[in-house]
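Quick heads-up: structures coming right below.
You will see subunit A twice below: alongside subunit B first, and alongside subunit C after that.
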Partner chain A sequence: MFAKKRFDVWSGVTLGFVILFGTFLVYPMFGILRQSVLNEGGEFTLQHFVKFFSQKYYSMTIWNSLKVTISITLVTLLIGIPFSYFYTFYHIKGSKVIFVVSILCAMSAPFIGAYAWILLLGRGGVITQFLKNQLNINIGSIYGFKGILIVQSLKLYPLVFLYMNGAFRNIDSYLLEASASLGCVGIKRFFRVVLNLSMPTILAASLLVFMQAFADFGTPILIGEGYRTFPVEIYNQYLGEVGTDYNFASAISVIAIIMTALVFFLQKYATSKYNFSMNATRPVEKKKAKGIRGALMYLYCYGILAIAFMPQIYVSYLSFRNSDSVVFLEGYSLASYRMAVDKLLFRSIKNTLVLGFGALAIIIVFSVLIAYLVVRRPSWINNVIDTLSMLPYIMPGAIIGIALVVAFGQPPLVLSGTMAIMIISFVIRRIPYSIRSTNAILMQIPISVEEAAISLGASKLKTFVVITVPMMVNGIISGAILSWVAIVTELSSSIILYNNRNITLTMSTYVAISRGSYGLACAFSAILTLFTTVSLLLYLVISKTEDIRL
Partner chain B sequence: MSEHITIVHALKKYGENVIIPDLSMNIKEGEFFTLLGPSGCGKTTLLRMIAGFNTIEGGDFYFSDQRINDLDPAKRNIGMVFQNYAIFPHLTVRKNVEFGLKSRKYSREEITKQAEKYMRLMQIQQFAERMPAQLSGGQQQRVALARALCIEPSVLLMDEPLSNLDAKLRVEMRSVIKDTQRDVGITTIYVTHDQEEAMAISDRIAVMDEGVIQHIGTPKDIYQRPANLFVATFIGRTNIVDAELVVKEGKTFLKVGSFDVEMTNVEKKHAKNQKVIVSIRPEEYKILPKEEKGIKAEVKESVFLGLNTHYFVRTERGNDVEVVQESTIDSIIPPGETISLGLNVSKINLFTSDGSANILKGVKNDLANV
Partner chain C sequence: MKKRIAKISVVLAALLFLVMLPLAAGGGKEEKATDPTAMEKNLVLYSSMTENDLSNLVRLFNKQYPDVKIEIVNGSAGELTSRIRAERNNPQGDLMWGGLSSSDGMVHSDLFEHWLTEYEPDIMPDYRSNNGFYSLDHLSTAVFCVNVELEKELGLNIRGYKDLLDPRLKGKIVMPDPNSSSSGWNNVSNMMAVFGHGTPEVWDYITKFMNNQVVFSTASSVAFKSVDTGEYVVGLTYEDGASTLLKAGSNRIRMVYPEDGASASAFGCALIAGAKNPNAAKAMINYLMSAEGQSELGMALETLRFTNEKAVYETPYLPASSEIKWVTRDNDWLIANKKAVLEQWNKIYANVKK
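Up next is the complex of A and B:
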């Protein structure tokens, strides 16, 4: 872009990121890799890997994870694609509600859904009890594979819906008309034309669902019971009853990362087969949903939505019921909330705000700067920074937690148990998403606007601050709110890093749930749900768009 | 202060891909100079090298006596107008115009005064407080011009500034740009692929192809005595016909098929028996009755366009050529009729058989003077 590639402000920024990424990303990753091949005496060994693969007790966790994750991915596609097809191509009354509630489901804390389902369909769940006592029907166990599948599919199908909505709206109606003129209509057209055109998006959504489901810790630990998945196993190795085994936890982490990396590249390869882009000159017009088919569409959309969202409402409702920690009693009060106040509610909220905003500020600054480096000043070193920033995308949260503990639990830099380590983990967890979205924003801004500023005598730094950043600001704010929600509901790395001082609202909620104190858990869940709901409504007001990239 | 620009042996490459191999030219002080060529010819690349947005792999660029190769674009004192205007969308018209002045540490009163002056010059003072999104394309272009001019740059660079406007507005803005440039008297380099626009607006034009300047000259010189076959075909419409040059008794004749005519303006060193290529513009043919001396041809089709009538004819040698005649009150020649085509010998151009050079006297190409 510039006449000379000499050392300037931006070279300094590049250098800064090399140091930061080296310290807080590469070094911890390297630490995990190192730990995985060392024994207690600090000598090289592959015993952990041998142990993992030779003992079915351990190796089955990965296969369990893969099985349930692939099932979840397929089910979300099965639910999400028809859902978004009806939403995009038909006038469904209350589509705004459908849209908002779907986002709420997708962005809610991952384990609240699991908890709600346990309250409804678990051993002591209201529906289970009702069916058993009144109708003498035994619905069987919701725990294990089934439970994880139900909870995660209902939480993640909105991702498919949001992505597919974007893809379907980009389909040119001329293409559908052309297809009709060639005699291909109806269900045949849906599969041969509509779905094929949306293939890149289907693959993108699948990858996102896969990564989130694969790495999820909260759901399997609450509802998985005997069905052991690997994030839970990593946690157990780190802090289980049998004691800490960093080395073995690291080995499992390395295996898991290799798995996710394989999936990631497989997806990239599959996507490369569909190398086209769409931009509808005339988007498909929505049709009226009429007759039996219309009724079925309504039933489908609102039915799914209700099943996905009602549990959260139910939990919030329970938070106002009286309880004596193990059973809910008659009558309503704020007793559960009073109890929450005693259980670090205010500290959790304060921590959540401090950590959340702290991490958010860093994420925004980093992703804007990195986007600028990558989009405007491409060079091999900036590409390395870009690639590194993508690494956490394939790293489940639990692994990031372990990596940070391993790296910063001992000198030279001791951070474990501090607020700082929480912020670092939030930044690492969120930065791949955030950088992707700022990159996209910056690519939309023609470079000539910046050149105009420079030709008028503004310095590079001034151009960036006065021209580039203000033009990006709307996109940045939208992205920031989504990051905020993700940070507020973060569990899988926090659970490894938290303590009483840096505990967050999500962690307090999780702790209350895992200790089995019903009222308290519901109160915390309700507050957390309120947090995310308010944030997301704010997002919807500000962004005014249906194009959401989580 | 306006400056003259000198470029000596400029080289531009991306990796191993050479865009501009070796380019030299002079642009006079206060001149309206246009880089004209087909897309991909390197004209925008060259402009951006002058602006400082592209690296320079070789050669020297001077603004008057100052070498600018290593000067930061912000310090070159250029005004630039971009193809997509590049108006700052988050700033009002006034703030856009004032932007460059603020970077230059003017006092507040000077900034206001200067911005007012140029907004008035470009007739956008009534939109001063509006946001760019509320302006039409033409108005945005005026803002871009005001913004570029009000810093009183020593050079104004314009990169296809009219290509996003509709045809009518393009013609209007063309004269706005030309008049403003003349009033301000600033050295201007203008890039376009539209040869009509270039002819209308420029003092001098450099015709470029594949990174090489083919011809630098006034619009008239370039149109009437193009330096080579590429320039002849790129500027205006023309018919290309193979012919022979025959020297008989000290006189030079052009022989097109069975028709021959004496040429009096062939450069001496080229006056020998050789194959040549003739460029005959449609208006350089004369339609004559078939009995008269000329190239025998048959009318295939005619198109009446009011002022002129275009005839598409096939010559006896099987060449399809286009002929333009001023429309007459008489009837149009019907298809199928045989005619004779005379030539306006003083206007047609002759090139060497490889098309690389015009062999007539009177070719003015400033490229040779660099």
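Up next is the complex of A and C:
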């Protein structure tokens, strides 16, 4: 009786989503597709695609992006898997610190890392200069491929860590004991049993890292130098000086989406090879980390952590140094912060809060409703909504930015430069992640309780509000914190959509960095870091949890 | 029962849709001045100029118009004109200063109000508006910014273009990308003026130049600031940027006017089409073009050459015009061939990068 098809409240919700998604997702995307095959006179042409593939200047951007992204994905796995293994299987002192700091690294805005590494390891960086002057060692340049790889790997390995932590905890200790009794122990067991058992998670983490690294704009533009990647190229085509070429930018976008879609399906295919589920009846017990091996584990975990977190600490330290906007001077003061106040600091914070909470509220409401539609009331149209909502997952942020500008820069609906367009972009960017997690939560809740409520005479709406939503709350909150931080540090679509009215803290930081006002940039970075740190700590204290769903 | 549910659901659907509308309306509200000639209380200035330029302009302008609150949106020239284009139907800025060069021609004709100040006859004849909507207020000469310590370390004495081909400078020269930065294009234009517009010689030089692994940056400020901090040895940049460092007391850099010849682009300001604060914007453009404004600003900045013949100021951080070897640019050629030049430029770049 529950799934009977007739027009009710939920059909209305479905209708609402069809309209919303049609207006704010399909229509802009269609716009990009249309632009990519039109010439300046508005006639059909494939010239932009021909131009892209026939001129190495452009086509190399995609290959560069692929190369660096694949390298980043591999390196994050290499760092993150052992890290997580030690964390999950051994007692390491200060594991709470490891956990919190790792998340902080993952949540920091990537371009702050890039900026800090330039200050540390750039040609004129402190470490570079120290090595050169004191020890006469020339370490070369951090720019280009190397720089992007270092910055992104150090930012993204915590994602692998968090994912793998979950997978490792689900490994049944009986399985490990069984393999030990068959003579498979140590490193051999790690590769043959542990890694195999966690393969679906490894693949899932790889996809997440790939998508984030592939679409990242802030890192390559700051530290990439001559290493041109495609999000930067889209931005250049859109914001370049020589007659902005929307059409060409759109064509690059379409090519990029095809690439990410391929990777997405490849990952799905690979995952289907590992179709099993685990649920530990007896999780693995943590062992003591002793002796030299133990010391090495400590060194590894804390070493990685220190390197990954150093940029943020260094930038925060610099924010208190005196500077004359070009170089840092002796002595300490709050001058950089005073300057930040003049540079729209308060408006940026206010906007960040308004936009952040606004977008977050919409995201939560939407994903709960969509999860309900998809899980409890499957129908072809609800499945279409579900699939559509996944679309932004494979769309780099810069593309969403351009799509929105093209679609809502002209009548009938002019939204460019408004708060609304920022909120729309945040919601679009984040909703695929949020819907995945709410879907998963709802699937774990048995339907029987809701049926009981309805059979006792409660309306469907009442049942949903009073029974279903409260059961989902814990999962929703843990997903919300990630959405929140992702929104607060969003750069790649905001860079195209922002202006002085709807500017966010992240944008102010980026503008200060890109204009080369060193003290100011550090002050904004420090405030942004503080912002994410406080958000996370508040969440951990309020929810009293040590678990964060991704 | 069924009817009621249908009703509720339609209302719900409508509500969902309406969630967005108040948000949409929120950003666009602006108070319209009742008197069309009255000075507005706000002014949004889009600018690619340096911090030194902007803080002085705001201070001086506010001395005359204390009630106008100025907000600045900083960015590269390309970035700002693209924003203005994207915001065409809901303009957020009132005027743009800097990055708009006489070599743009009519490219941005639809973005700006076709309006010029009454000071146009006072401007040096070479720099009067050539498109009817750019008010060209200052000159920007292409120069090299050289880090003196690193130069000494490498045993170099950089004087002209051929010195940039020295293998010791491999990977140590920075230049703003002419595709996105007006000062990058300014430097390409100077190469054209020195080696001949579009001649085989100039392309030969550019190929060798790029083969020295020149680094291209998106923002023009990198080409002088990063030279100062020692990231690069040489930056191809512009007078105003590099001399601002000298004014700030840097002894790490020097400015080199290429011995083969230097030339300048005229840069200016323009009123954004549909600006919400047109009167305040016009007042600022008037100020920037008047002899009085240019004199005041010139004295305060000490790093910028202006275009009004009647302006009186000193530029202690710039060499006298007579000490520089000047070459002439063919502006019409540059306007007509900008796209082709950049395409060729990018082709060479792609081949060098492999």
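The definition used in the following text is that the second predicted complex is superposed on the first by the 539 of 550 C-alpha atoms of A that agree within 3 Å, B and C clash if a C-alpha of one lies under 4 Å from a C-alpha of the other, contacts with A are read in each partner's own complex, and residues count from 1 in each chain.
In this section, a residue touches a chain if its C-beta (ideal position, glycine included) is under 8 Å from a C-beta of that chain, and two chains touch if they have at least 3 such contacts.
These figures come from a predicted structure and were not determined experimentally.
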Superposed partners subunit B and subunit C on subunit A - clash or fit: fit
Subunit A residues touched - subunit C or subunit B, whichever exceeds: C
First (subunit B), second (subunit C), both or neither touched by A:Ala458: first
Subunit B versus subunit C as contact partner of A:Arg515, first or second or both or neither: second
Where subunit B and subunit C come nearest after superposition, their Cα distance in Å: 10
Contact residues common to both interfaces of subunit A (with subunit B and with subunit C): none
For the subunit B and subunit A complex, residues of the former touching the latter: 51-56, 69-80, 82-84, 86-90, 99-100, 103-104, 144, 147-148, 151, 157
Residues on subunit A engaged by subunit B in the complex (per definition of touch): 1-5, 446, 448-449, 451-460, 462, 467, 470-471
Subunit A-facing residues of subunit C, complex: 2, 5-6, 8-17, 19-20, 23-24, 26-28, 44, 51, 71-79, 81-83, 85-90, 92-93, 107, 171, 177, 179-182, 185, 213, 215-219, 221-222, 225-226, 228-232, 245, 248-250, 338-339, 342, 346-347, 349-351, 353
Interfacial residue positions of subunit A with respect to subunit C in the complex: 6-13, 15-17, 19-20, 24, 55-57, 60, 118, 122-124, 129, 141, 143, 221, 225-226, 232, 236, 238-244, 324-327, 344, 358, 362, 405, 409-411, 413-421, 423-424, 496, 499-502, 511, 514-517
